[in-house]
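The next part holds the structures, each set out as structure tokens.
Both of the next two complexes hold chain A, though its partner changes from chain B to chain C.
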Partner chain A sequence: MKRPLIFHVFRSSMGLSAALVLGCVGTLFFFLLLKGLPTWGTELFFGDTAPMDAIMGKAPVWEGIWPAFMGTLCLMTVTMGLVLLPGIGCGIFLAEYATPLWKKRVNTAIDLLAGAPSIVMGLFGFTLILFLRRAFFPEANTCLFLAAGCLSLLVTPVLVVNTREALEAVPSSIKLAATSLGLSKNQIIFCLAVPMAVRGIVSGSILAMGRCAEDTAVIMLTGAVANAGLPSSLWAKFEALPFTIYYTMAHYQSQEELNLAFGAALLLLFLATAMVALAKLLEVGHKLFWQGERPSVLQ
Partner chain B sequence: MTSSQKTESFFWAKTYVHLAAGLVISSIFLLLVMIFIFAGPALFDQGHRSIFTWQWNPYQGQFGILPMLMGSMILSVSALLLALPLAISLCSLLLTAPRRLSARLIHMVIRFMTAIPTVVYAFAGVLLLTPLVRFSFGGSGLSWLTATFVLVLLILPTMVLVLNSGLKPKLDDLCPQGLAMGLDRLDLLWFFVFPHTKKTFLAAGLLGFGRAVGDTLIPLMLAGNAPQVPMDLGQSLRTLSAHMALVTANEVGGAAYSSLFMAGALLLGISALVSLISRALVTS
Partner chain C sequence: MNRLHILSLSLLFCCLTMGTAPATTLKDFQGQKGTVNIAGGTAHIPVMKAAARSIMSAEPDIRITVTGGGSGVGVQQVGEGLVDIGNTGRALKESEIEKYGLQSFPFAIDGVAVAIHPANPVSGLTQEQLIKIFTGEITRWQDLGGPDAPITLYVREDGSGTRETFEERGLNKAVPSTNSNVSNSNGAMKTMIAQDKNAIGYVGIGHLDSSIKALPVDGMQPTQENAQNGSYIITRLLYMNTKGEPQGLVRLFIDYIYSKDGQGFIAAAGYIPKSKD
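Coming up: the complex of A and B.
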């Protein structure tokens, strides 16, 4: 068979593009590792403050990423507190209760939300505060709670879609058998399907947590600042790892400050990667258990 | 537990599920309504002239955001033009040699790439890529070109995933007969699968474009943020998303805010269009 020249060009470009991407990502990773790993230590987290005092909150940390780290943890906790119940509920609704018409409508809305840029969620929080200031509370200001609210909007699609898919992965033969044994629809959903899908749902939640740890654009507009100390209350400004990286990069004066950003970037990278890996592991296990075959790693 | 108690508990479970769905839907509506309501006055109050012009100069009362719209568009399109061929050839490698070591390595790296936060990409880009660009093109190194390269890395995994899930079933269908006829997997892919999967390519391109338009940190940290239309790849530009971050950070003041809401509404409109079209492509 005679093959056109472009075919041969394409064949050789496959290896080239793979080498290119591997090279870029490898360089990025090892660069961060080489520069970031040496900075890790109590110095990076706590600066000059004694670690125990800093952890107990007795002494403020000025030159370390401890407050930012704690800020990110608080942000993740509050966001998950806000989003878990509605997100999982909406996923169950989509998989089990929605009529075809509603399924289509809700899926479209979720798609819209999933496609919306994260800075638009931040802008949403910003407009909410402006609105509250004009209408009810003149002293309303951007804060941890607002940022968590906007982040929960950002991660809702992740949670909804994963819950829906986890429920849909439960084999229909089980539902059929349960129906023939006389179980009601609600009993099948809440006593069989949901407990069976728990692993997939947990995987979706971990993925959502990873998304909210890494996102910067939302918190930039809703209350992250460079110097706030440990997060003091839901209604106060806060520090967070991604914002610290951005801010340090834009304003650093010395090598020490840049090292701080390196340490924070590596920490954030590890945090995000670990969560995605854990979620993937759970999801693959879930599908392997219910569908009997190993799903493609890429889907 | 008696039977009536059991029905009762399911009543609450059912109510919870419906309430949750209602809450999610209404918050999506609230998001759309708030953004467009705040953007509205920018359209109607001062006439179209002050927002939709080519000059951004807040201290002289010029609040044009067209350069930013243009910046968002050309940056995303150029990133897409680079990323699409790369994604297609990476995906072909994954599909044609699934068991080879190189393909497995690519699998792993692509999965790793989906997990890298965009701020980390931008951070590494500033330190690694800017000096290179500065060396070869002069200037500050913060330019259209720099942001494009890093954006390509950001949108690549999404596009490879979409392509892979669209092309794999078709190739698997053809495989047994095609291989028996003496063609290899790449032949099948090139001559039989590619001509019939224009929709998949389009969907992958659209999703990549959507991610590129919506990203904030990479253009903000790497594109230089000069509010102008760049004439060549070495010049700096400002995107809508970076513009929003800059306006809120500097608190320029009242009139500048209306450009902020307009930029948000434009971004939301573009991304909504992209999601609706790609949804229609995938479901049809």
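Coming up: the complex of A and C.
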């Protein structure tokens, strides 16, 4: 049967769209590699500090992005520590336990949270600290913990929605069969549904981590500064890669300083790639473990 | 000149030098620990960073964090007590001093120079011409003896101390045309002017180099010496501000900026050190 012309137009424009996306990502990668790669070296990371001394924390780094890199890792760790349990818990509640009324209420809250721009979270954190200082803790100040707290608010919707959707995708026939075999609701959720949904939950968490690593607006109002050294405690100000990039791009004084920003941007890109790779690896492991089959990526 | 004269003169000299450079050295930080948080004017950052680096290298128990944000942020953050030192590239307003109880410490002089592309043959402007250019009344270089080309205007962002100084002193408070391109730092401004043959903009005198050409205004040459002796008037002071009288480590840090080491950092950043009042 001869297909109508409109079909061909539709198909080729979809193909073009896909090529456009590939082209854009490719150009971005190429541009960053071109600008950033020449700056890569111990100097970019550690300035004129000896790399081993810097890594062991024996000597402060002044001209490199090492403190910002460590700051970003700390920020991601603390944020995930704060958000993983409530986020996944809320997702499980929504998918398995909530009554329709509660579902509606919580989903509205999640949608509202997801719609809030990140700068609003930053402003929230900032005003919270001002309030705390006046009312309860005069010593309270913007810090790593506050930034992580506000970031966790920002990424909660990602985690909740991914967990909920992953659980809802578990076929109801399986649950029904398990019920008929006499399994309790909790057994079904934790022995069947959650393990089957792990892939979605993990990819949600990785997405959330990526968001933590890249967000600038929240942290610039809640504790990230241009120069702080390695993060010393939860209550101290810190450096972070996206803030370093933003800051250097906006205020560079010389070409060398600008190159530092490109180097840092490339590092952030690699960090994101590493996380995607990790997600893929977990997925593969999960499939092998639960389904005993070699997933298609390995074949 | 008799001996007494020489003696009194040298005594006077000693007093003066002691007055200009407080005897604070790195030794005074020995055994100290704690944190000093600094935010505000971006022009201050190189000086603050250099001082922080020198102090923290000598005393690892001291932590000094430095960030920018602009003069407005500096006032607000130090006023709210979020940082210990809030930097501004302008004098505090009466209302700000009253609201927060701030104290100012001017420590450096910075001049703002009008700059164009090095290939542009224009060699000087009058203030009147400058105002006409930036308000959009003169739009072509040939009206100023330059090539047959349109003028591209470059200004700094809102809230920039450099911009405020330039508009107040250089443009006599005239408002620049909305048709101008905005750059966020001296570095970015320099790059933009160096890449645009028809550009005119302004940078801190300390940032002048061969990639751009500085223009005299009304015959005033934009140099550090002229900014210091007052014959170049498009200048401003850089301030550190504290909430109330600075104490402990913050006091030491401020004194250190006024010390000989501090003056070195200020000069290296392209500004002229100012002695403590």
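To be clear about the criterion, the second predicted complex is superposed on the first by the 243 of 299 C-alpha atoms of A that agree within 3 Å, B and C clash if a C-alpha of one lies under 4 Å from a C-alpha of the other, contacts with A are read in each partner's own complex, and residues count from 1 in each chain.
Here is the rule we go by: contacts are C-beta pairs under 8 Å (C-beta built on N, C-alpha and C of every residue); 3 or more make two chains touch, one makes a residue touch a chain.
All figures in this text were calculated on a predicted structure; none of them were measured in a lab.
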Which superposed partner A:115 touches (first chain B, second chain C, both, neither): first
Partner chain in contact with A:225 - chain B first, chain C second, else both or neither: second
Which superposed partner A:153 touches (first chain B, second chain C, both, neither): first
Which superposed partner A:62 touches (first chain B, second chain C, both, neither): second
Touched partner set for A:137, first chain B, second chain C, both or neither: neither
Touching partner for A:250 - first (chain B), second (chain C), both, neither: both
Contacts of A:40 with chain B and chain C, given as first, second, both or neither: neither
First, second, both or neither for A:30, with chain B first and chain C second: neither
Chain C versus chain B, contacts on chain A by residue: B
Shared chain A surface residues [contacts with chain B and with chain C]: 130, 250
Partner chain C, residues of chain A touching it in the complex: 60, 62, 129-130, 133, 138, 141-142, 224-229, 232, 236-237, 247, 250-255, 257-258
Chain B-facing residues of chain A, complex: 1, 3, 7, 10-11, 13-18, 20-22, 24-25, 27-29, 31-32, 85-90, 92-94, 96-98, 106, 108-124, 126-128, 130-131, 153, 156, 160, 184, 186-187, 190, 210, 213-217, 220-221, 242, 245-246, 249-250, 261, 265, 268-269, 272-273, 275-277, 280, 296-299
Sites on chain C touched by chain A in the complex: 35, 37, 39, 42, 45-46, 49, 52-53, 56-57, 60, 63, 65-68, 80-82, 184-188, 191, 207
Complex interface listing, chain B residues touching chain A: 10, 13-14, 16-21, 23-25, 27-28, 31-32, 34-35, 38, 85-86, 89-90, 92-94, 96, 102, 105-107, 109-124, 126-128, 153, 156, 160-161, 164-165, 168, 183, 186-187, 190, 210, 213-217, 220-221, 241, 244-245, 248-249, 260-261, 264, 267-268, 271-272, 274-276, 279
